[in-house]
Amino acid sequence: MNAPLIQRHAMDVQADILIEARHISRQFGAFQALTDISVQFRAKHLCAIIGPNGAGKSTFFNILSGAIAPSSGSVLFQGQDITGLEPHEYARRGIAKSFQITNVFKQLSAHENVRVAVQMRHARFDFFSPRAKLAGVAQTAQALLERVGLASLGQKPAGDLAHGQQRSLEVAMALAADPQLLLMDEPTAGMSPEETTVMMDLITELAAERTVILVEHKMKLVMGICKTLIVLHHGQLLAQGSPEDIRANPEVRRVYLGQG
Amino acid sequence: MAPLLTPVLTLIARHRVLSVLLFLLIFPWLMPYEALAVNILIFGLYAVGFNLLFGYTGMLSFGHAAFLGVGSYLTGMSIVHAHLHWLIAIAIGVGASGLVGALMGHLAIRTRGIYFSMVTLALGQIVYYGFYKAERWTGGENGLRGVTVPAFEFAGLTIDFTNPVTKYYVMLGFVAIALGLVSRILASPFGAVIEAIRENEKRAAACGYDVARSKLLVFVLSAAICGLAGSLRAIHLSVVPIDSLHYLQSGQAVMMCLLGGMGTFFGPFVGAAVFLYLEDVVTTLTRHWMAVVGTIFMVFILFFPRGIWGSLIGRWERATTPSAQT
Amino acid sequence: MSTLIPAPTPNPEHSTSHADQHADQHAAPQANMQATSRRRLLQAGAAGTVLAGAPFAINIVRAQGAPIKIGFPTPLTGAFSAEAQDQVRAAELAVKEFNDGGGFNGRKVELLVRDDKLNPGEAASRTLELIEKDKVDFIVGSLSAATQLSINAVTRERKVIFNSISQSDAINEAKDWSPYTFHEALNPHMTAGAVARYAFPKYGKKVVYLTADYAYGHEMVRGFERAGKALGATTLADIRHPLGAADYSAFLPRIQALKPDILVLCNFGRDLVNSAKQATDFGLKESTRLVAPVLLFTSRVAGGADAFEGVVGGTSYYWGMEDSIPAAKAFNDKFRRAYGGAVPSDYGALGYAGVRSVLQAVVNAKSTDSDKVADALGRLEYNWYKGNQFYRKCDHQSVQSIIIVESKSKGMKDKNDVFSVASIEAPSESNLRSCSELGHKG
Amino acid sequence: MVELTPQLLGLQLVTGVALGAIYALLAVGLSLIFGMLTVVNFAHGAFFMVGAFLGIYFQTLTGSFALSLVITPLVVGSVGMLAERFLVRPLYGRGIDYPLLLTFGLSYVLIELMRVLFGIEGLPSSTPAMLRGSVDLGIGRFPLYRLVLIGATAAVVLGLWLMIEKTRFGLIIRAGSRDPEIVRVLGVDVARVWLLVFGLGTAIAGLSGVLAAPTRAVNPEMGITVLAESFVVTVVGGMGSLMGAVVAGLLVGVVFSMTSLLAPEFAELSIFVLMALVLLVRPQGLFGKAGLMG
């Protein structure tokens, strides 16, 4: 009688955890960027990786998003080991990311940017049917542009958009694949206060439907909205927990405020 | 000039293949002699094939002569040695260059930037020596001679390739099909993908596109189209010169693309036409044609980086909305 | 063409030749160049408009007195431009003579020069241009095996007479040959044979070949070895080098080690200059005699005396043979008169002979019809510039004398005095490969 | 067929090194320009050719090979600087294709220019009197001049190395080839540095022209094959790496020399095969920085 129960319980846990890092380490030559980091991220959950500069945030982010492979350890997505797969494989499994340096197709129009991203789900190697025929794609793209507040700028070449707008465009592209996991590397970097608030609202909104992992070094920014915080320091996991725990954590205070 | 230009260009943009064909139908009348028109047809196609890789996917290959040459030689050899029907010979030429494209591409796409260019150059040279050495089959440095298509009956009328006009229109048929295909591909979702890759490889991958595979596909397509150009050239010249495999021949594709405007549909054709016509005129005017060609080339890179057609489109886009990709 | 350092100045004249131009050419080459260009421009323009009107006119009926057109594709630019431009000068001399002599019942001759850039593809499309646009009656020219073969491929398909003025064995063979194919120049078999017959008995029997790796080079080696067999020569090695290589040093240590009596440089033009120069640097000449199948006048002038010191080779013509051959004297004088004292080069002379033969055949045939003229050429026996010649029946190869020259390094009278004539092999069909070997029936 | 005695192999090796010397010299110039300006100079072969012509011209003018060894590089270098200032500079930041293609056009013009100035079939070149003849190395006779060539190259490379390691200009070059931004941050007039580097690179090309002239036919097209070869060398060594240029130069020279001995017909092909292999195993070349040219 008990056995199945336990089993179901186990399965629930499995289901609840979207992506998991197991004993992740990474060296760059002699430099140890990350040492034995194990973290679990739960589904439909907004979470931030914080830490002072050089803490290894971006490295960790890149490993989670498949941009670089760990020296040791593994990444599990929905219980599957996806360590070292090609970047596009990550994307196809439903892992989307927005980069730290703005990263769009500069010469293509904003709409085309999103359209290409959306198209991925419909026609990967279609040589013959005219693009225009994929009407659904164009509409989805438009919808996404509206969602990030760029509806009116669809025809503008992405390169000509303002910095903040380009970041938003990136989010739209990331959303195009309707990902279960959205990784965002300093989404508000270089944004004006207004743009920042808009972006943070958007992020909270997005987190309602999927897991969102932010990398951020502005601590206050994430305190408000995140359920969980993960603090890295010198490439090691310093602390993880709710904003309250983190705020209370003396170690973190020392690192950030140089106390003790 | 924009208001006058806009409607015309919009029309061209909408039916780009149709309009180019209409132009090519009357083209022989505009050229001093048909052989030049045929050359432009062939090299136009060659440049279009090259542009698919360079202009649209952003990969600068110095090995494209390999595909022109393989197309020429395989078609030529099928006719000279195997006495096959010329249509089959062309099919073989195109197939073979596609195959060589697959091999070269498979190796080359691992590298990027200038290294990609150099790997393609090296592989191209290896193909060159392969054919150079196979003297028994290719005629080596003397080239392959005797690629002749006997006059034949078709739909009641006699088709004789020694009649330059007939030859031109037959070749036009093939070019039409190829252009239609290219246009279709560029308009397809895949067309969007390769442009995305040109713009930002990392991003394309993050969107879930298999960059390597897409690159390889374009490479093969591009190779096959250049191969067709080669096949036609073999029949046009009735010889296959070894020079058609030389890297200077690859350089010519780059020149034509740039002159006309890379990454535009018509650009390469315009480029080929202007290049060959200029060469034809200049060489009869002065022995110093290299200086003239070189100067024109530099002027274009400095002042019209988008090429002749590209600059036209530029004017037009500034006059209207930056939409249609011509 | 102004030159800072004395070097044979090529003639800038580029189209139909007229006496008055030759007069001012050497007065003011630049000016003449421009004059020429301008006229060409006009011509091109005219031709353009005419043709734009009627692109489909493939065989326009020619009015009486319309000029006889001879197309002349040759590499005005590229590695052999010096030779090519001399070919043009000599060819124009032949045209001028013919026109001054009243032409062919009232019809003057026009020479249409085209630059084939030494590229067979270019040569083929230039030939197509000459046939389709300019409607030429005959083609004379070419300066490489590859270009002449591609020109020939185009002309034979269209039944146009082509008189080739550069070397190749392949063009004699039935596979490429056509009744409209004529070969004014020597071929590798003849040249190599003659040089072998002169050099092997004289300098020794142990032979190494340094061969440009293409048909022309291979044909030369074949020629030497054939003739060598009869003379008991042994081949120590046949070293194939890439065509157009700039540096031969890497091939030379091995040749040194082989200690041959003779090193035959089976390459052409610049390859010959480079290999001879570097062989000299390696001190090869101390124990070995350098021999070249074809010793070019222009290469020797460009390469300098040191590199070529003591090198022996063959040629179809050297102006110095005028001392013993009256026809040569006559030809040289005509040439000197027309070009301010310049002497014709070997390949230049071929340009003269090639055109003159065709024109004589037109007169004999009393027609410009390809078949009639081809027939007349086949019967022609001529002595234009170097003694008696005729075209062999089966392959239309011109049977002619072969001159063996040795490069001078001292006692030169002027910059043109570069060779001494060592011997002249009389024309003989027996020095050619047999018709049956070439695949000709009968 | 001769048996491969150690003497023969030894002599073949020396020959290869002498060949490699010129390759290395050319590649150093190319690499310097590329490493600093990320300009792929397709006119490099043409500058080499111009160097050869002017070398002979100044030699006949001054009557001294040594003098022309000094004058010619200066002249060629200044031509190079003019080209950088008025042709290449407008193209910075437009990606690497444009300068590459522009210099390709420039090479055409330079070739034609030499044709007009010195005639189409080139100039007779000869080894300066005191460097003529061949010396016995104990393993066979070897041309004296080619030994001088090896020495000269070594000297140039050494001088260059000292300049880069010891002078402020060298410091800037080192910094710049790693990251042009740093140079700007250092508050250096980048434009001037790039001008000088391009000048230096082309001057070296000119110098190798003067040095190579006595060993080969000097004609307007002599730069074309040389260009292909020196690119192979530069790429094998890793674009932008001077060390790589020298090592690869010698490597290519020896590989060419050895194939010339064992399979002469494939001598030319061998260096392309070498390049293909190196790039497929190490896409950034032997000494190249990974990810350069991303």
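All chains are identified by letter, namely A, B, C and D, in their written order; residue positions are counted from 1 within each chain.
Everything that follows uses one rule, which is that a residue touches a chain if its C-beta (ideal position, glycine included) is under 8 Å from a C-beta of that chain, and two chains touch if they have at least 3 such contacts.
Note that the coordinates shown come from a computational prediction; the quantities given were computed from them, not determined experimentally.
Engineer: What is the set of chains touching both subunit A and subunit D?
Structural biologist: B
Engineer: Of all the other chains, whose mean CA position lies farthest from subunit C?
Structural biologist: A
Engineer: So the centre of each chain is just the mean of its C-alpha atoms; given that, what is the distance between subunit A and subunit C in Å?
Structural biologist: 74
Engineer: What's the distance between the Cα centroids of subunit C and subunit D, rounded to whole Å?
Structural biologist: 36
Engineer: Between subunit A and subunit B, what's the gap in Å when you average each chain's C-alpha atoms?
Structural biologist: 43
Engineer: For subunit C, jot down the residues that touch at least 2 other chains.
Structural biologist: Residues 77, 81.
Engineer: Tell me, which residues of subunit B touch at least two other chains?
Structural biologist: Within subunit B, residues 290 contact more than one other chain.
Engineer: What positions in subunit A touch 2 or more of the other chains?
Structural biologist: None at all.
Engineer: Considering only which chains touch which, label the overall pattern as line, ring, star, complete or other.
Structural biologist: Other.
Engineer: I'd like to see which chains touch which, written out pair by pair.
Structural biologist: A-B, B-C, B-D, C-D
Engineer: Can you tell me which positions in subunit B touch subunit D when the two form their complex?
Structural biologist: For this pair, the touching residues of subunit B are 60, 107, 110-115, 118-119, 121-123, 125-126, 129, 133, 247, 251, 254-255, 258, 288, 290-291, 293-298, 301-302, 305.
Engineer: What part of subunit B is in contact with subunit C in the complex they form?
Structural biologist: Residues 28-36, 39, 135, 139-143, 145-148, 162-165, 233, 237-239, 241-244, 280-281, 283-287, 289-290.
Engineer: In their complex, what parts of subunit C are in touch with subunit D?
Structural biologist: 1-5, 7-10, 77-79, 81-82, 85, 213, 237, 239-242, 244-247, 249-254, 256-258, 270, 273-274, 277-278, 281-283, 298-299, 301-304, 306-307
Engineer: Please output the residues of subunit B touching subunit A within their complex, sorted ascending.
Structural biologist: Touching subunit A: residues 184-185, 187-193, 195-196, 199-200, 202-211, 213-214, 217, 321-323 of subunit B.
Engineer: Spell out the part of subunit D that touches subunit B in their complex, as residue ranges.
Structural biologist: Answer in residue numbers: 40, 87, 90-91, 94, 96-98, 100-102, 104-109, 111-113, 115-116, 228, 231-232, 235, 239, 265-266, 268-269, 272-273, 275-276, 279-280, 283-285, 292-294.
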